[in-house]
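What follows is a short report on a single structure.
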Amino acid sequence: MIKKIFSLIIIAGLLTVFIPIILNFSFQTDLPDVAKSYVEKGSKDLGAMNIVTAIIVTFRGLDTLGEVAVLFIAATGIAVLFRKNAINDKRPKQISKRDSSEILLTGIRLLAPVILIFGIYIFLNGHLSPGGGFQGGAVIATVVLLLFLSDSSYKINHKIFGFIESFSGVSYVIIGFLGLVLMGADNFLDNRILPLGEFGTILSAGAIPIIYTLVGLKVGTELASVLDNMKGDIE
Amino acid sequence: MEISLLTKILFSLLGLFIVFNYGLLQAGVMRKIVARVAGRYGIPIYQPYIDLIKNYSKRTQITHGVMFYLGPVFRFSGGIGLFFFIPMIYGSVYWQNFSFSGDIILLMYFQFFGMLGMALGAGEGGQPNSIIGISRGLAQFTAVEVPFTLAIISIAVQYDTLSVYDIVAAQQGGIQNWTLFTNPFAVIAGMFAFLGLMRHAPFNVVMAPQEIPIGPPTEYHSTYLGMLQSNRVVLHIVEAVLFMNLFFGGATSWLELIIKSFFIYFITVFIGVVFPRYRVDHTVRWFLKIPLVFGILAVLFV
Amino acid sequence: MNLILILGFMLLAIGFWGMLTQKNMIKIVIGLTIAEVGVQIIMISIGYIKERTAPILDSAVPLADAVNKVVDPIPQALVLTAIVIGVAVNALILSFIIRLYKEKKSLSIDDYKEMKW
Amino acid sequence: MTDVFIIVLGLVMIVFAILALYLKDLVASVIAAGVLSLFASILYLIMQAPDVAMTEAAIGAGLLTMIFLLAIKKTKQIEDPND
Amino acid sequence: MVNIIYIIILLLGIGFLLPITEKLGKKVSNSMFFLTLTSVSVISVQWLYAFIINGQTSLQFFTAGVKPPLSINLQLGLSESVFITSINILALIGAVYLIKHFNNIGIRSHVLYLLMILGLNGLVLTRDIFNIFVFLEITGISTYALIGSDLRLKSLIASFKYMLAGGVASIFLLLGIIFLYHNTGTLNIDGMIAASPLQSGLKIAGIAIFFLFFALLIEMKQFPANGWALDVYEASNPGISGIISAAGTAAILFALYKVMPLGNDLWFNTIAVIGIITFIASNIMGIKQKNATRLLGYSSIGQLGLLLAAMGLGFLYGGINGKFQFIIFALFISHFIAKAGLFWIAGIVKKKEIKSWGVLRKSPVLLFFTGSFMFALLGFPPFPGFFGKWELVLTLANKHQFLWITAILLGSLIEAIYLIRWFGYILKEKQEENETIEQGATKYSSVFILGTILFTISGLYMIYNPITNLSFYFYPLLFIAFLFITDNILPAYIKNILSIAGLSYYGYVYFNQFSEFRFIFAVIFLAGGILTLIPGFVKKGKRVGFYPSAIIMYVGLLGLLVAKDMFSFFTAWEFMTIGSYFLIIRGKRSQPHALSYMLFSLGGAYLIMFGFALTHVFSGGNGIALDLLNSIKSNSALIFTMLAIGFLTKTAAAGLHIWLPGAHAEAESDVSPMVSAVLLKAGVFGLILIMISSLRFDAKMIIYLLGWLGAITALLGNLMASFQEDAKKLLAYSSIAQLGYILFALAIMSHIGWMAAIWYAMNHFLYKALLFLAVGAVVVKLKTHNMYEMGGLIKQMPFSFVSVLIGIIALSGVPPLSGFGGKWLLYNAFILKGWYLQGAIIAFSGVVAFLYLFKLINSIFLGPVKDNFRKVKEVSIWYLIPQYIIIIAIMVISAKPKIVLGKIGDFITSYMPDNLVVWKGDVASSYMNGKLFGVWDAPNIMIIIGIIFVTLLSWLLIMSRKAQKVEMFNIVYSAERPESPQTTHFSHNIYSHYRKALGFLALPLIVNFWSFIVDSIHSIADFVRRLYNGNGQAYIMHILGFMVIIYFVLFNGGLF
């Protein structure tokens, strides 16, 4: 009971912290100058239509690299947690599952490729329209998810998924490294290592699309392996 | 005028001989007085001489080891040493003994010399429990020391000197400038301490007769006992002379010395006969009460 | 857009309330997710400017004066990263909960007091 | 007009948030949380943040809810009463 | 130079690559793993070399080819390069330590480890606020995964709680970032600082910064919101928690350091207060800890609190440059290495209870490193923490921040309690024989490398420290190092010869450089050292650990005399404390006493440091020369009292003496003379220094009190000694009494008073060394301390008897020997001064000394011989040689005191010219306002007494030459054998009547006082640590509650 009172007091304290913010908060009427230069540079220098993607991939490329690393660590951590030869783990017993109905199976088989293509579409023109590597990767993961849900016998091939995951991660770092090599000391993760191409087309904005595809692949495979680990067959 | 070292030694030895004989006689007289007070006929005055001769002439002795040997030697050399360091007769250069080489502090600490030696000797004696006598003696002595030190400090401050000769010099010229009258508190404290030092009646639990089975005297016999007896004799006279010099104006001639020291010693006998014997912790506590108060008063009102 | 800011803070408060009072560990994580959604709403509402469109320079937004046509893109970039990280953390926490459940077969946080003082 | 819509949306979201915390059946509460993040993505659309809306929808609503459900499958569905 | 971004590229790239290489086999992936870590450390070391040696200025590294406000930039300055180098090197060594653990988890743990290191490096390098959030998350998640990786229940719980706390922290961080962005318009830290949001006066800016700082504060594990951190330290694999506690906190500390300029003075002050509260609170809680790793957790949180406080204060007083940079580096380095080292050793020992760490004794090298790590944490001399703490106290003193100094010193004293106690358990707790330590090569070598790095850095600090040149210590420390290395190889007698040679060499070198007063102490320290080392030849075997600690102590003692400035004096003081601590703890039952000894001397040392800092400040605040003591301008009384108490802890004055009896009695037989005869004089030397300085200002009242303190100590010491049954304890109490005399004599502040004091110091050294050597030898021979089990050894051990006899005659002050000179000087001094009552107490305690002196000699040598000691032979020659050298010395100075007193007299006249002691030939006479006062003619007294003694002895010999030897009548065995031997022993409790009379003076009032303090600290500790009740949710509540409190403190509850 005291815990409830204490937490009530603390939440009241929190509110006293938040209320002054709400009260004398003045919304922006104009873009801060950093955002202004982003908008101009985003389109002219990097040739990307979607400014948010420009910021995420090149301007604040290190953030995204870090973010991909975060996802990678989370996936590895989960894999470490659910590793088979856990010391105090009893013999993993196989849980029996009813196989799902016919309609579901065929429906999923029909839908899977469509969603897959949709995912690829999302991260392919991340620099043109909203969306990008992360959203695309999530969509791909949902494909795998659907397959898990539909037929219990579906096993993702860990060798290929692992390979894609590491390959895309490493190539992402190599692209960044190319920036350093080609463009000089300050251009780590610069997308201008490739020609900017014609504004608005798929192959424009230098390395952004390539980076975003790699990110997409990586996020997709990672989330898939996370789901697989968490689903796991050990009880 | 400086007399040569040789004459100084000779005169000091002569002084020692006089004091030694006077001591023996005084001991005899004092024991006769005590006997007469107790209604007994008492021993002949020359009895101490007889005891001494008997002890020294004994042929067989036994010894319990080196330290047993050194006990009486330490004790007697303590007595004689104390004699040598105290100026006997004020005024004549012959009877200063070797007092130039030390002051009251030397005398205070030299008393320990004899006592420590005696304690070690008894420790090595035949009777292991003789140590109980020693521990009582030491404990009592620490308590006695307090009023005695305070008295001496107040005298030293009063006369601005530590050397006995100058103190006596300051007290010459009539009774009124004896320390007795100029600094009464110090004298009272001093005399209380004198009682303790002489180990007479109220505080003689160490030398008391029934302590004999474990007291130091029973351990020693023949020559050793002779030495101890001669030391006791000399020591009592020398202590009396010391207190005479400090408190009662010193002596300008041997006669004056003998009379004064007799009466000083008589005080202890006088008090001793009347009072019962104290246990050691009572003695210690008693000495840290009234005599201590007097000592503090002496020091504060010097 | 003050309303959305208020909404964000309320969701944040509800999330924390959930974390503090709910005993079930999964409910605590749900509380955490709600708090995260709250923060993300606050971040977006700060970036929003009235009557402006999304920061995509497509046909609707002429290149020339895009500057005063577009909403602030930076908070959106930050939120995007924050969401992904939030999901990663939540996935990890949940797998820890599964692991813990395997050990002590209990979801209440009060049962996990092995280490104290 | 949009203000009214926002208020309604906000209230609904708060209701769902409270529901997500207090429903005894964990699956129901997880779905409530999913719906909450779905409405959040709609909110993002209103605030002209399409990228974030898509991410929120795909990852926040889709995958996170799925992970929660998987977690519940591996543990206990019904919250024991004394909590 | 290599672009710093390569660190990120390498770590991340290989991190991604490793899962693929796993198929090529474990050998390849492991080598890849180590290759990355080595190359990353090489890059950072290369940069560090550039910064320190080539004076490189700080650089910016941009990403994405665009200038910062638009892109993220990495900055590399001196502080950054120090932090990343230490993190990367620790990572490399940590990898070596953890490789076995990782191998059985699989390749993924290598990946997690690499990415954790990436996160740490990122945190330090990046200058973009959101990037800090990302790298914080990377570190966080990889740490959660690593902690949970060993799948034990406890680590899973700890990691779960850590994640909840991390989640809450990241929420606040995001809020902070977005509102700061809203306020300043940029995400780059330098941009934000330039925009200086607080100046704008907007409330939101303040709250935004509050969120940001608060999030980092949670990560910094500050009290009370750090329950979860303790579980993490306790539960996770010690290798990982070592890296978390060292590198993890370092990176977050640096992140906070980068963001600090955003705040204002109020905020710096609050952070400093939070830090100091954490420092003290977690140290107090550490006292009650039984679990080793959790205790290390408490200690690392405490140290972090101290670092945070130092940083807060640094910013409060003009930013982290010059002075504060040095302080924070020093404190950081020692915490960094020591904490990682201790955690790794915990990993090797694998024992949960600190009491069962005794098993470390099986591997001396590990034991040595544990000890040095612990002493590095406590800030002892050779280690960097010492320089840091000194500079911190000095700078704070310059700013008149005395409350801060007391808090810091109090905290480090409390920390010393549990660390020293733990070290005591390691050295002394009983262990079953079959216990062994895991002999893994990787773990062992990584701890070994870490230890060597610690010592190399400490060496660099000793050589290049900006405070003062400590060149005096180079050769001695090399010699000590040599002794440590060859400790297991060389036999004891070679080491003994080497040490004696070393000491005499230094005696020869410094012989003529000392002014009189330091010369006397030099003689005491050096001659004392050599004499007390000679008995060392008795010991067979290697006597591991004795010689290095003895030499450390003597180097410290010598350093005291050589010291020109306060800092080298204080270094010497601390060296001496370490050396003596190691010597004392060698005794069998000496652990609790060594602990109380160390705590008292540490308390005293900190008081001295505080006093020196105040002297520096109140004497014009320039430089730290030792004779600044003589030019203190204001509140000199306070400084004097502080320094006096500091030195009195070493001379065990009444009230501060409870450590001495145990320490001296329980020490080994040739250590106790070293510790009691030689070491106590260091305190006396200090006292003389401040007494000289007190001539300049009037400290009459304090010195009068010191006089009384000296008298009471003397009385207390003598009384307690006479009631002791343990021979060495008796001598220990008598040392307390003698030191009381010296203090009393010093307090008299007159020419003759000081002569008495120094004469006493010299004498006490002689006869206490003599007595301790003699009694120590006998005690070793009989294998018992209790006097009631001895007796009648005069026939078997005549030489020891003679030396004890001379010792007690000298000590008691009976005329012929030198003791009387001391008594005479003392009497003259206090009569001339007019301190009659104290004088009476001194006189009384002087006489009481007879009681225990007689008891000592009687119960050991005189009386009946016990059966089991009938065949005991004389003590070995090596003990007797120093005894008889000392006896000769005593005889010489008793006959001719003028040799020593003459020299002392000239020295003292330069300070106190009034009422001199005049020497005519060998006759010393003192004058009271012009008139001859006292006369002391040592040679004549000796001659007269000698002659009388010899004549009487020869006369007695002649008269009783036929005396027949009779054995002493043995009362004990006349009846049946009693069960308790002591009650029938002749000298057992012989002063019971005395105890009845004066027992009330010897009541253990002081002991009760100190045990009351200890108990109250323990109860506080027990009360405070109840806060961590193990419930994860409660910890979240602590965090949020902590936030609300800090908010109210900062914005004083301004709602609108």
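A, B, C, D and E are the chain letters, set down in written order, and residue numbers restart from 1 in every chain.
The rule is short, and it goes like this: a residue touches a chain if its C-beta (ideal position, glycine included) is under 8 Å from a C-beta of that chain, and two chains touch if they have at least 3 such contacts.
Being a predicted model, the structure only gives us computed values, none of them experimental.
**Student:** Which neighbours do chain B and chain C have in common?
**Tutor:** Where chain B and chain C share a partner, that partner set is E.
**Student:** Please report the smallest number of touch steps linking chain A to chain B.
**Tutor:** Counted as steps through touching chains, the separation is 2.
**Student:** Measuring from the mean of all protein Cα atoms shown, which chain centre lies nearest?
**Tutor:** Of all chains shown, the one whose C-alpha centre lies nearest the global C-alpha mean is E.
**Student:** Which pair, B-E or C-E, has more C-beta contacts?
**Tutor:** Higher contact count goes to B-E.
**Student:** Calculate how many whole Å lie between the centre of chain D and the centre of chain E, each centre taken as the average of the chain's C-alpha atoms.
**Tutor:** A distance of 59 Å separates the two centres.
**Student:** Calculate how many whole Å lie between the centre of chain B and the centre of chain D, each centre taken as the average of the chain's C-alpha atoms.
**Tutor:** Averaging C-alpha atoms per chain gives centres 108 Å apart.
**Student:** Which whole number of Å gives the spacing of the CA centres of chain A and chain E?
**Tutor:** Each chain reduced to its C-alpha mean, chain A and chain E end up 54 Å apart.
**Student:** How many angstrom between the C-alpha centroids of chain D and chain A?
**Tutor:** Roughly 20 Å, centre to centre.
**Student:** So which bits of chain C are touching at least two other chains?
**Tutor:** Correct list: 1, 6, 12, 16-17, 20, 23, 46, 48, 54-56, 74, 76, 80-81, 84-85, 88-89, 91-92, 94-99.
**Student:** What parts of chain E, by residue number, touch at least two of the other chains?
**Tutor:** 130, 134, 137, 141, 144-145, 148, 151, 179, 181-182, 187, 1033, 1037, 1040
**Student:** What parts of chain B, by residue number, touch at least two of the other chains?
**Tutor:** none
**Student:** If you go through all the chains, which pairs of them touch?
**Tutor:** A-C, A-D, A-E, B-E, C-D, C-E
**Student:** Chain D touches which residues of chain C in the complex?
**Tutor:** Contacts found on chain C: 1, 3-4, 6-7, 10-11, 14-15, 17-18, 22-24, 26-27, 29-31, 33-34, 37, 40-41, 44-45, 47-48, 52-56, 71, 76, 79-80, 83-84, 87, 90-91, 94-95, 97-98, 101, 107-108.
**Student:** Tell me, which parts of chain E touch chain A in their complex?
**Tutor:** Listed in rising order, the residues of chain E that touch chain A are 3, 5, 8-9, 12-13, 15-20, 61-66, 69-72, 105-106, 108-109, 111-112, 115, 118, 122, 126, 128, 130-131, 134-135, 137-138, 141-142, 144-145, 148-152, 179, 181-182, 185-187, 202-204, 207, 1033-1034, 1037, 1040-1041, 1043-1044, 1047-1048, 1053-1056.
**Student:** In the complex formed with chain E, which residues of chain B make contact?
**Tutor:** Within the complex, chain B contacts chain E at residues 56, 59-67, 69-70, 72-74, 76-77, 80-81, 84-85, 98, 100-103, 105-106, 109-110, 112-113, 115-116, 119-120, 123-129, 131-132, 134-136, 138-139, 141-143, 145-146, 149-150, 153-154, 156-157, 160-163, 166, 222-224, 227, 279-281, 284-285, 288, 295-296, 299-300.
**Student:** For chain A, which residues are in contact with chain D within the complex?
**Tutor:** My answer: residues 50, 52-53, 122, 130-132, 134-135, 138-139, 141-142, 145, 223, 226-227, 230-232.
**Student:** Spell out the part of chain D that touches chain C in their complex, as residue ranges.
**Tutor:** Interface residues on chain D, with respect to chain C: 3, 6-7, 10, 13-14, 17-18, 20-21, 26, 29-30, 33, 36-37, 40, 43-44, 47-52, 55-56, 59-60, 63-64, 67-68, 70-72, 74-76, 79-80, 82-83.
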